[in-house]
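Look at the two complexes coming up: subunit A is in both, with subunit B in one and subunit C in the other.
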Partner chain A sequence: MRQSIFQKLFHNEKYKNQQFSEKDSSEEIAVKKQTISTNLNENLEIFSKLYLIPQNNDVNIRRFLVQGWHKEAALLFINTISDTNLLEEQVLKPLSKNEGTFQSVEDIVTAPGIKRVQVVEDVLIEINRGNAALFIEGDQQVYITSVSNFQGRGIDKAENEVVIKGPKEAFNEKANTNISLLRKKIKTESLIVESMTISKRSKNEVYVLYIHDLVDHELLNKVKERVTKINVDSIQNLSMLEQHIEERTKSLFPTILYTERPDRASSFLEDGYIILLMENSPGSLIMPATFWSFFHTSEDHYLRFIFGNFTRALRLLALFITLFSSALYLSVTNFHAEMLPPDLLLAISSTREIVAFPATIEIFLMEIAFELIREAGLRVPSPIGPTIGIVGALILGQAAVQANVVSPMVVIIVALGGLSSFAIGDIGMNFAVRLSRFFLILCASVFGLYGLTAMFSIGLFYLLSLRSFGVPYFAPMTPKYTSGNDTVFRSLVWNEIFRPGYLKPQDMKKTGDVSNGEKQGQNRN
Partner chain B sequence: MEKSRGKIGIREFVAVVILTIGTKMADDTPAILFEQMENAAWMGPLLIGALSIIPLYFLTNVFTKYKGKNLFEVTLYLLGKPVGYCVLFFLWVIGGIAITIDSSIYTDIIGTMYFNKTPTLVLYAILMGICAYGAKKGLEQVGSFAWSVLFWIKVSLFLALFLTFRQGNMDFIYPFFGPGKWEVLKSSASNLSIFADFLFLSLIAGFTASPAVFKKGIWISLVIVTIELSISLLSFVVLFDYEPVKMLNYPFHETIRYINLEFLPNIETLFFPFWLVALFIRFSFYLYLNALLFGGLFRVKDFEYLIPTLATLFVFLGMIPETPTFSIFDFREPFLKMITPIFFLFPCLLWVMSKAKGDMKT
Partner chain C sequence: MRPLVKSILSLFLLVSLSGCWDQTEIDMKAFVVGIGLDKGKNEKINVTYLIANPEYGSQQGGGSTNEPATETITFEANDLIASRNLANTVIAKEISYDLLSVLIVSKELASDKNFIRWMYDTTKDREIKRNTPLLITEEEASKFIEENDPKLETRPHKYFELMFEHGTETGLIPKSDLIKYFRITEADADLFLAVFGTNKHRGGGKKGDGYLIAGEFQTKGKTNKTNLLGSAVFKEGRMIGKLTGEETRISLLLNDTADLPDYLTTFPDPFNKKFRVTTKIVKKGKNKIDMLYENGTPTLKVNVPLTIEVLTDHSMTNYGKNKVKRDRLKAYLTTRITDKINRLVTKTQKEFKGEPFGWSLQARKNFLTIDEYEKFDWMKTYPNMNIDISVDIRFGEFGRQSELPKLERVRD
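Our next item is the complex of A and B:
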C-alpha cells in the first residue's frame, strides 16, 4: 500500500516502461552469436565491422604467413592494452619462422596461456580484455593468447588508513596486483578467487575471495546472489558496486566495509568473511560488516595490548564528543543552566551577552562553517591548500568572535567536536556520525536533554535493528555470539581463539586443532 | 525491512528485567512503601523478594515443563478456552492500567522536575512515541538496547547511591523495625505486586533462547532487583530521615537534587539522561508485552502494527487525571493491593492445573 503511493508519487513505473526511440540491435546480436567460419577473410571482415577498423585507431590486425603450413594467419589485438613485445616474441616470431608441418598451434606458440574459442562473442570478450586472437585460414578455432597489459600505477602507501606500526602497502587499481597482495599474506590452497561478470555492456568483473573451508556457504551464496542480481550496463568500481548490493540504500549507516589495506582484508578473510575486489578500485569490500568493524582500525591489533586499547578508548571518547558536544552545550545552556558551576555559567553568559544570535543559530553557523572548510579543504587544489587553512582559522575563528557573531565558547565546542570526528577513520561511519550529530543538535535545541536522550534512543534502536547480510549490527556484543570478543576493547592476542560465531564459520577455533566436523559456534545463550 | 522474531539470550533478558523493575525505585513506589513502613521500608523489597519466591517457583516450574510456550498458550491450555480467554483479557486490562498509571507518573516527574513550562501532552507524546518506535522494532531490539546501556545506567546509579550514602547519616535507620515487625511484614505482603511484572514476563517465556534461560534469568534478576531496590530505599532514609521521606512523592529525584559532586553543585541533570533511557526501555517493553497479549487475544498475527495505536490510547488515558502527583498516587496504592493476590495465586493455579492434567510427572 505504502509502496504503491510512493510509486504513484514518483512515477517510478512510468519511467521504467517509457518508450524510447532506440536503435534495433538485434542484427548485431545475431552476428555476435554465430560461430567462426573457416574463411579467414570473412572472419576478419566481421571483426573489422564490429570494431569499426580503420576508424578505431588502436585496434590492430596483423596478417602474416605461417611458413610451415603455407597458410595465411592474422592476429587481432588492441595495442593499448596488450603487451606487443610479448606478442612478437611468443606468437609472431615462432609462427612465422616455423617450418615444421604437423605441429599444432599450441606446440609452436610459446606463450604460457593459450585457449581455443569458437564463438564471435567469446573472441570479442577476450580481445577486450587485452588478449590477442589468432585466426588461421581453414581453421574454425580462434586461438587466444593472454598478453594483456593494462596501464596503472604501482603499489603505494595507504593514504586514508594510515598506521605507524604495521605494513604500509595499499591496494591499487589493478585487481591482479590486489589478489597477489592477498595471496602473499594467505598462502593456502583454500583461498579461492572466483570471478563473475556483473555488468551487461562494459562487462565489469568482480572477484569474490573467500577461504573455502572457513566460509559459511549459505552466506557466500547470499553474497553471490546479490551480486548476480544486478542488472545494469556498467559498474565502474567497488564504490558503485557497494551501492548496488547493500541492504538499506537510504540508511545513514554503512553495512559494507571498504578498506584499502590488504593486511586488514586478509585478516577478515582468515576469520571467514567474504571479500570483493574489482578492477579500477584501490580497495576491497568486506562483508558482512558490523558496527565494530567500522569502529576498529588495523593498528589496534598491531599495537601492544594496552596501547591498542588506549587508542580504542580514545576513539570511543572521540565518537561521543563528536556526537554530543554541541548538542550537550545547547541543552545545558538553554534548558539546564543550573547544572553548571556558577563561575563557568557566568563566564559563558558574559561572552554570550554581546552575541546577537540565539545559541542554536550560533552552533549551526559554526557547525556548517566547519563542514564547509572540511569539504572545501578536500576539493581544493594542493597549491592553494594552505590558504584555506589560514582563511578558515582566521576568519571563522578569530574574526567571527571579534565581530560578535559567535561566542568563543561555541568555537571551542564546535572545534572540539570537529577535531574528534577525524578520529573515526572509516569514511562511511564518519559521515554517519557527522550527520546524526545534526539530528541530535536539532532535538537538543527543542527539548534539551530530554530531546537529546530521546533522539539517542531512537538512533540506538535503529542501529540495533540493522543487519548486514543477516548479521546483527552490534554482534557479537548483543546478541551474544561466541567470538574473539573484539568489540569496544580487544582481548589479549592469545585469548582471541574463536572466529566470530555470527559468520557460522566451518572452523570456529583459531588455534591449530583441525575441526572434527561438529557443529560449533552459533550457540547463543 | 527484515523483521526479526528471534530469541533473546540471558544477558538481554536479565537486562530488560533489571531495567523495567529496577526503575521502580525512581518513581513513586518508594513513597508508597515509606508511607506504610516508615524507616523500615528498605526491608520491604527484601521481604517482597523473599515472598515472591513462592509464585515464581511455580511459574518457572510450569514454564520449564512447556518448552517454547508462553503465558498465553499455557493459560489457554491449562484453563480451557473460555476461562483462559477471560483470565488473559483481565491480565491485559491490568497491564494496560499499569502502563497508563506508570507512564502518567513518569511524565509528571519529567514535567515537574525538569520541564515545568512544556505542556504535559508534548512530553507524554514524545515518551510514548519513542517507546512505540522501540517496541515496534521487536523484542530482540529492546533486549539488545537494554543490554548495551545497562552498564552505564548502573554506573550512574552507583554514583548516585555512593554520594547519597556519603552525605547521609547511618543512624537514621533506627528504630530498626520502624512501625513494628508485624506491620512491616503485613505491608510487604500486601505490596507484593511491585514484582508482578515477573508474571507478565512469562509472556515472553517462549522467546527466550531456552526454558533454562528463562528460569535462570528470572532468579538472577529477582536477586539483583531485590538488592537494588532495598539499597536505594535505604539510601533515601539515611539522607532524609523517615519523617521527611514520607512527604516526598519522588524520593529518587529529590535525592539527586540534594546531593552534590565536589565542584558541581547541581547534578540531577547528570542522572536525568540515564534515568530517561531506562524509562524508554521500560515502556518499550511494556508496550511490546501489551501488544503481544492483545494480538494473542484478538488473533492479530502482526501485532507489532498495533503498538502505535495502543501507545496513542495510553497517552490519552494517561492524560485524564489532572493532578497526577496526587490522584495517581491515591489510585495506585489500592491498585497494587488489588493485584497482589493475582500475582500470588495465578502461578499456583497454573501449577495445580498442570499437576491435575498429569503433565508434571513426565
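Our next item is the complex of A and C:
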C-alpha cells in the first residue's frame, strides 16, 4: 500500500508516455501543404472549410469584380484583427474602380506592404496575423496586404517598478509598441530585432533583441538555441517562456530578469545583454541576469551618486532585515538571552510570560498570517480591499496581542520584516528572500545563532553555485571581472568605464578618456 | 526513494537527534540580578539571590501587576554553581545568571583566607560575565540585599547599573569588575579596590564630604538607606582594609588605568578661614612616572598633572582678575593636594604594604626582561621605596562668570 503511494508520488514519468485517444489530423495537414489553384471558388471552398465559415463569425469573405480585368476577386480577412477602413481605402476601392487592363495588382493596390504567397499554410499564417488575403480568379498567387490591427491598451505608466526621477512609460502587450519604445532609446542600425516562432499550434513569436556589434555571439547562440529547442503547442507570454528557458527551474532564486521598463531594458542592451520580447507580455526578459541585476533598480542610476547609493544601502538593510529579523529574534530569545539589554530582556520576558505558544510557533503564526494578508490583499477585488486592511490590522495587530496569542514584540519583528521585504522590488528576488527567510527561522529555532549563521553560509554557497547562461550569479564581485563595479554600491557615472566583462562584449569601454563635465572644461582652457 | 526524499528524511532525523540543547524560552527563566555571598558553616557559603520580576513596571500602558519588583532567597550551598539547582526547590523557573549585574560579598567572607577559592567559581560558569561589578558590604550580604529598598529605581538591575555608573564617575567608589579582580590578583603586584557599601548607619560623619566611608554619610528624608562610598582593599585576592571616599578619589587620580577623573570637591579658603572653595578637579593627561634605582633603594617619581576649576568664591577674591592671589591659591592647593597624596601613599606603604595605583604596570618599562622584573618583586619592594610626589596645577575657568561684584559696593 505504502509502496504504491510512493510510486504514484515519485514515478510520474510513466504517465508522460501514456496513449491517449487523439484525432488524426493528417488530412487537414495535407490540405494546408497544397498550393493555391487558379479557380477562385475552389480556393474559397478550401478556406471556408478551414475557417468553418459561416459558423466562424468574424472571418469575412468579400467578393467583388475587378472592373478593368473583368475578373472575380475575393478578400479574405478576420475583421476583429484587421483595419477594415484601411482595407476599403487601399485595396477595395482602387481595385473595383480600376479601369486599366495591364497593371499588376501591386500597381493598383495602394497599401504599403504587399506580398505574394502560394501555399495555403502561408496564407493562413498571414490571415491569422490580421492581414487580408486577396484572391483573383485565374491567378495562382495570393496577395497579402498588411492591414492588421490588434486591439490592446496604450502605453501606460510602469506600475510595479515605480521611479520618481526618470521615464515613466512602460512596455505594453503589443510587441511592436515595445520594440518602438526601445528603438526610440537606441537609435542605431546595430540594434537587431530577430523574430522566431516558438510554439507549434499557437505560433507564438519571440523577438530577440541585441546590439549586433556589442553582444557576444556565443552567448547569443546559446540563448537562441535554448529558445528554439522548446517544443510545445503554445507559449502565451514571457512569464511562461522564462520557465521554459531558465537554467534551474526548481531553484528559489531567479536567473532571468523580467522588467516592464523600456529604459531599463535598453540600458541592459547597451551593455551587451540580450532581450526577449513577446506579443501579449507587458515586459521584457533580460539575460543573463546576476544577483545584482535583481538587487538594483533603474532609479539607483537616475538619482545622483550619493542619493542613489543611499537607496542602495537602505535596500541592503531591508534585505537583511527581511532575512534575519524573525530568525534573530528567535535565536536570541531562546538561546542567547544575555545578548539583550536588560530592560529589553525583561520586557520580552514579561510579555512572553502570558503567551500560550513557544516563541517558534508564535513567529510562524505571525509570518504565515502576514503572508496570507499579502496574498489575499493581492487577489482581493478592489471594492472590498479596505476590508482586508481593517480586518488584517485589527486581528493581527491588536486582538492577537490582547488575546495572548502572540506577544507585541513578535508583531513588531514580523511586521518590520514583512515591510522591509517590499523594498526588494523584483518579484522573483522578493519571493526568493521571503521563502529563504523560513529556512533561516527554522534553523534558528533549532540551533540558535549557530544554526542561523550555518544556514546563511549554506545559502551563500548555493548562490555562488548558480549560473545564468554561463555567467556566475555574483559576477562581477566574485569571481572578479572587469566591469563598471556596479554591485552593492555604484560608482560615479564617469567612473563606470567598462561594460560587464562577464558578458565578453565586443567593445569593453563605454566612456572616452574625458567623460566628466568638469574635466572637459579644464581641457578646453 | 528519490534522493530528495532521502535527504529530507535524514535532515529531519538529524534535527530530532540533535539541536535545541540549550534552548530555553525566555519566559521560562528566573533572572538573577544580584548574588549575595556570606560565610556559612564548614567552608560553605550562604548564597542570596535577588531575582527580578520581569512583569514589574514593564508595561508602558499601565497594565502593571501587583507583584513585587523582586524576590530574594537565601540558602546554604557549596558554591554559586550548585546553588542554581538548589534554588529551584523554591523558585519555579530555571535560575539564569544572564542578567547578573552585581556580586555582593560580605566583609566577613571577603576577609576570609579562602575567599579567592569561591571567587574563581565565577570564571567557571558560562553565564557570569567578567564585567559584573563586585560590591563588598559592611554587614551580611543577605541583610544588605533585603534591606536595600530603592524608592524610585525599584527595578533592581537598573538601580545597580545606575549606582555604579554614577558612583564611578564621581570617583567616590572605584570601578570594580570581576576581570579587574582576577587581573590584579594574578599579576600579584598591585592592590585591587572594590566598591564598599552598606545600609547600616554608624554616624560619626563630621569630617566633611568625601572623608567618609559607607555608613558615615548622614541623610534625612524618605530615601534608601543604602550608600556606596569608599572602597575595600584586596591584597592577593583577599580583603585587607578600607579606603574612605576621599582616599579612593586620590588613588584613582594616581591610577592611569582608571578612567580620567572629573571630581567636585572643596578646600578651605586660603583667604578666609570661615569659607571653603569648591573646585572641580580634572585630570587631562597621564601621570609621569620615573623610576630611579640608586644606592639600593629605588625611588619612584610621580608627577600628577591636574586642571582645577574654581567654582565658588565666597571670600569674593576675584581670582580671575588677580594674578597674585591666583598664584597664592595655586601654591596653597599644590601643597595641600601633595600632602594628601603623600599621606595616602604612606598609609599604603605602612598599612597595606602594597599600592592600589597600578604603578607596577608603568614601572615594568624600566626592566629589560620579565625575569628581572619578577626578581625585583614589586609587592615586596614597594613598602621600602622612596615615593616622590609632585603635582602640577593648571587653572581652568573660574566659573561661568569669573568676575564678582565688589562686596562693599553691593552692601552700600
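What we mean here is this: the second predicted complex is superposed on the first by the 498 of 525 C-alpha atoms of A that agree within 3 Å, B and C clash if a C-alpha of one lies under 4 Å from a C-alpha of the other, contacts with A are read in each partner's own complex, and residues count from 1 in each chain.
Criterion: contacts are C-beta pairs under 8 Å (C-beta built on N, C-alpha and C of every residue); 3 or more make two chains touch, one makes a residue touch a chain.
These numbers come from a predicted model, not from an experiment.
In the superposed model, A:372 makes contact with neither subunit B nor subunit C.
When the two complexes are superposed, the chain touching more residues of subunit A, out of subunit B and subunit C, is B.
Using the contact criterion defined above for the overlaid structures, shared-chain residue A:338 touches subunit B and also reaches subunit C.
After overlaying the two complexes on the shared chain, residue contacts for A:448 are found with subunit B and with subunit C alike.
When the shared chain is aligned, subunit B comes close enough to touch A:460, but subunit C does not. Applying the stated contact rule after C-alpha superposition, one finds that A:317 touches neither subunit B nor subunit C. In the superposition on the C-alpha atoms of chain A, the part of subunit A touched by subunit B in one complex and by subunit C in the other spans residues 335, 338, 342, 447-448, 451. Interface of subunit C with subunit A (complex): residues 1-2, 5, 15, 19-20, 22-27, 29, 31, 52, 54-56, 58-59, 96, 98-99, 101, 127, 129, 155, 157-158, 161. Listing the residues of subunit A that touch subunit B in their complex gives 247, 332, 335-336, 338-339, 341-342, 447-454, 456-458, 460-462, 464-465, 467, 470, 472, 474, 477-480, 524-525.
Across the complex, subunit C is touched by residues 6, 10, 333-335, 337-338, 342-343, 345-353, 355, 358-359, 446-448, 451 of subunit A.
Taken together, the subunit B residues at the contact with subunit A in this complex read 1-2, 4, 6-12, 110, 114-115, 118, 123, 126, 130, 133-134, 137-138, 140-141, 143-145, 147-149, 209-210, 213, 263-270, 272-273, 276-277, 280, 284.
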